[in-house]
Amino acid sequence: MIIVMKEKATAPQIDRVKERLDQCGLGIHLSQGVERTIIGAIGPKKPGLMESIEAMDGVEKVVPILKPFKLASLEFKTTSIVKAGGVEFGGNQAVLIAGPCAVENEDQLFKTAQAVKAAGASMLRGGAFKPRTSPYAFQGLEKEGLKILKNVSQAVEIPFVTEVTNPMDVELIADYADMLQIGARNMQNFTLLKEVGKAGKPVILKRGLAATIEEWLMAAEYILSEGNYQVVLCERGIRTYETATRNTLDLSAIPLVKQLSHLPIIADPSHGTGKRPLVTPLSRAAIAAGADGLLIEVHPDPENALSDGPQSLTFENFEDLIAQVRPVAEAIGRQL
Amino acid sequence: MIIVMKEKATAPQIDRVKERLDQCGLGIHLSQGVERTIIGAIGPKKPGLMESIEAMDGVEKVVPILKPFKLASLEFKTTSIVKAGGVEFGGNQAVLIAGPCAVENEDQLFKTAQAVKAAGASMLRGGAFKPRTSPYAFQGLEKEGLKILKNVSQAVEIPFVTEVTNPMDVELIADYADMLQIGARNMQNFTLLKEVGKAGKPVILKRGLAATIEEWLMAAEYILSEGNYQVVLCERGIRTYETATRNTLDLSAIPLVKQLSHLPIIADPSHGTGKRPLVTPLSRAAIAAGADGLLIEVHPDPENALSDGPQSLTFENFEDLIAQVRPVAEAIGRQL
Amino acid sequence: MIIVMKEKATAPQIDRVKERLDQCGLGIHLSQGVERTIIGAIGPKKPGLMESIEAMDGVEKVVPILKPFKLASLEFKTTSIVKAGGVEFGGNQAVLIAGPCAVENEDQLFKTAQAVKAAGASMLRGGAFKPRTSPYAFQGLEKEGLKILKNVSQAVEIPFVTEVTNPMDVELIADYADMLQIGARNMQNFTLLKEVGKAGKPVILKRGLAATIEEWLMAAEYILSEGNYQVVLCERGIRTYETATRNTLDLSAIPLVKQLSHLPIIADPSHGTGKRPLVTPLSRAAIAAGADGLLIEVHPDPENALSDGPQSLTFENFEDLIAQVRPVAEAIGRQL
Amino acid sequence: MIIVMKEKATAPQIDRVKERLDQCGLGIHLSQGVERTIIGAIGPKKPGLMESIEAMDGVEKVVPILKPFKLASLEFKTTSIVKAGGVEFGGNQAVLIAGPCAVENEDQLFKTAQAVKAAGASMLRGGAFKPRTSPYAFQGLEKEGLKILKNVSQAVEIPFVTEVTNPMDVELIADYADMLQIGARNMQNFTLLKEVGKAGKPVILKRGLAATIEEWLMAAEYILSEGNYQVVLCERGIRTYETATRNTLDLSAIPLVKQLSHLPIIADPSHGTGKRPLVTPLSRAAIAAGADGLLIEVHPDPENALSDGPQSLTFENFEDLIAQVRPVAEAIGRQL
């Protein structure tokens, strides 16, 4: 941590900062510039200290040196393979997860599971508990949806991931699902993160729609710090001023995360764009950028979907997506 | 709802949209322009229908006509007075809520409560359950913090508001507090919104850091639709590209909300700016814009605060804030 | 400037950075932390050096210590009064500038000038050269518009400000106008900034719609560095994800600029909100935040305006605005 | 254009809107909903009319039906091949443009031109007139830089593109360069757009850092409407809240533009990310998304570059980029 004092900081103000660092057991390195005094603090960072120094008189700003995440960092571990229901994330094989936004009924899910498996997907997705912007919108089949997911998953022999939105439901959902998903709106629902950390199930952690990369890795850190290391990150678009797409899919996040963390990272071009015709081009791009997998919304009949119809692919669209994405994966030395 | 068909939409595509609307019991109003066919759908909106139409072939876009919120709208009610612990939000008197970000110990809170009450605050704030970006940061005193809040509140005779972050804690916190707060990160934690709706306690609902005004009112709608009408909105800054402030306090939200909703709205310039020297000028501005109150972080010793030190006011700062804000309130015909 | 080396930076990489700083005549201050080596560079900053160091192997990041602007900074000067056409910006009197977005004809401008002067405005605004998003939209009366502005200004005895968009027009416009305006889209049109700097006329510099405060002050620095110190900044809203307003008026910019710079700063709530019913509340707020003036769009007949009708006030609206803003100005010890 | 009246709009207000549309020669289509009156206006759109209707009493909002751009639209033309210095943009071959941010001297440029041509680039880039945030930074060699570009271009037999920032310089630069570039900061410098339109040279139009896709296409429309159809769009990153990258490269813009316009579109991952290690992964992604080319900053010695060192590739990096991008291009059926 480096402390930059104000131009007119007084000697007593500088002394108080030094005392404070000293009390916290940090080494002090003073540098007297022409216009500013700079204080370097050496030693292990104490939570909250940076903010506290920033609040002191005479301090202009405090610059952190080390990243705030530890267990998620490359310094802790160089690479992670996350296993869920027999599927490996982070290896040479890019993972295709596909399915409807919401589980609507057994028939819809069964057909979709068969179709996406036949096309090449290795995991099924489907929401039973749906967080919706409007209290009047379809909120998911809840426990009934979980049962359908389980039945279909067994019948079609494909593992499944489903979203958990309520800390109280973690245990229940973990009993059914092969993998849990934390949605963008819950990325900083810390109670939920801790519960999922304790549940010990593999988890997909979506990036919050206004979360920085650092905040996202800190959210992963919550799960990791509970002892659950099976975390896969998922870039799903961030909120920007652009209204032509539902979100702006930030593909630079993929190589950037790989330079900061050992965790696998996949992309969700369905939510990332919100528009069916953009899903396939952005899927190609995500894989080319180095994504470890894709999360794609597929529905037997998008225009009758209870949610996310405009961004859902038909079975035929999905087959075409794979046909287009596979050569890109191979071009960068991976398999799909 | 208005449906704009693509330039090259075929007659069968147009017919399918019409059939669909008809099935949903909506009246149809067709308008054949020079380059586009426009279909107006008349009648009560069904949740999910808009998205579903948008997913149909030949549809370019769907334009909603009515606002998606009902109970929060001005059409439902023209004005609300929300009462909490004897304090009224939405009346002529602007409400001052003040206190530390986190409850640290009884002494800290007691001194603060006395000081802010003496200065003119009518409600105390203080966090017992603290959602923090880092799992390693101080997470609040939890239940112990609630007890301290209760004791101090009774001793100093000032009601208090405190944040609830976990649906499982709502009942517990509602037993202690005069008013609940839902923080920015939980604005779309729909499980929490519903629980708070059921609890029936007055609630402050902060705007999410990337939430549109409409999404914010829809979050309020979740609480209202559970039968709890005691909702006060709180503008606390949104996330923008600007890094000179912690957030960008969007004061246009204040008159805008008043044109859309009957709910009272207050402002939090402490989180909205993240910088102590900006809190007082933005407090003056928020009241001038028509805010029904202010939520201000005050700490006896900001540089030893366990959180949010850089934006916390000292007791002296807070007295000065009131001295500056009161004449502004009076200038627009209100009291503080 | 502080250079943070990567965790695995080698001794030769560190040496190369030191050599480079030494070649540039900078003092070096080395700090060996537990996990990182930090190099402080002491002495006058050379343009481009920071970027260049950042490009060196083994460097993690470079942190600037000093602000990049000099002439615009408070360290250079503590306060500026900018005079234009007999009007003073930055003094105790807040300045009201009003008029139509575009000059349409002499009658329209004459009526508006009379009305806004009678209501209390001390400067007239009106665009002759209009930068428009569409090449098919009304582009302004150009030189004819300047003549109308001059005639009306003399007849009504009120000075005027008008926008300059083309470096080639600066001299022409400077011959007519009392004050030049640089619009948001041209804030980083550096050629234009230099020409306006050379023209020596007082100038209003609007904030770019995605400009940071620092970039804005650097744009002012371009004008100042040509010897023209008569610069007034104008906050006019920034682009955010929120679509309910045309822009998000960033009122925190007002006290923030006052903590960084001696330049006067005014606000433009017309462009800042894009909605007539928000202009007056945000005008009250801007003055309460400390703005040195307001720039307001007024039109005799907004619904027949050739541009910006939805945000233009009628004469009656404008009188009401003043009646509401004046007591706020007085409440903070200023005059309007 | 569809006009949505307010819930409480009066009959006279509705009549006035109808009269207005009638005066403008537009057909009227009235739709009386349960809660709102909707007026459809049929016929050719008049510039400014929409804004003007929006300013009328009783109007809630006005929804445009048609895109505001014509010559840039797919309805005008289905595909464009832009030719510049023997290079074709928009064909099966993706175009590689490479070179330094700024021309520093003949030796630097000559070496770079040779290296990038040998590696596979078909066009050279290099700035002679540099728009810089700081007036104290290197502003380019100006006319001297143009001469160096011309000499090197001829000696190495590679065409070149260079930025134009001042309308007065367009003619001069057009005499030297094979292709002109309009930078992000000048995307809405309408005077410059018109001059470049008149110059008749092929042009690369970068997206403004806060420009919507629609505004960008409208900027292209300015050039096209002057009769210059040789426009190539370039996505170079937009400004978002994320600070880990210099900008957020919006790759969804590539397929989106292809669905709206016939103009070729390339990507600039150097400015788009601002970080050398991200340039190659994002280059792969841009090509996979369908970009018609790449614009890459290459410098013989990035750490001594006078600008943009941190994002510039070395010759070796650039060869590696091509080795990685070429198979991706081939995977989607294109050549590089």
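First chain written, first letter: the chains are A, B, C and D, and each begins at residue 1.
The rule is short, and it goes like this: contacts are C-beta pairs under 8 Å (C-beta built on N, C-alpha and C of every residue); 3 or more make two chains touch, one makes a residue touch a chain.
In UniProt terms, the chains line up like this: A, B, C, D = 3-deoxy-D-arabinoheptulosonate-7-phosphate synthase.
These numbers come from a predicted model, not from an experiment.
By number of C-beta pairs in contact, A-D leads over the other of B-D and A-D. Comparing mean CA positions across the assembly, the chain most remote from subunit C is A.
With centres taken as mean Cα positions, subunit D sits 31 Å from subunit A. Computed from the mean C-alpha positions, the centre of subunit B lies at a distance of 38 Å from the centre of subunit D.
Residue positions of subunit B touching 2 or more other chains: 210, 239-241, 243.
For subunit D in complex with subunit B, the residues that touch the partner chain are 2, 4, 7, 29, 31, 33-36, 38, 40, 42-44, 63, 65-66, 75, 239-241, 243.
Subunit A makes touch with subunit B in their complex at residues 20, 47-48, 51-57, 68, 131-138, 165-168, 185-186, 188-191, 209-210, 215, 218, 221-222, 225, 239, 276, 302-310, 312.
Residue ranges of subunit A in contact with subunit D, taken from their complex: 210, 212-214, 238, 240-245, 248-252, 254-256, 259, 272-273, 275, 277-278, 281-282, 284-290, 324, 327-328, 330-332.
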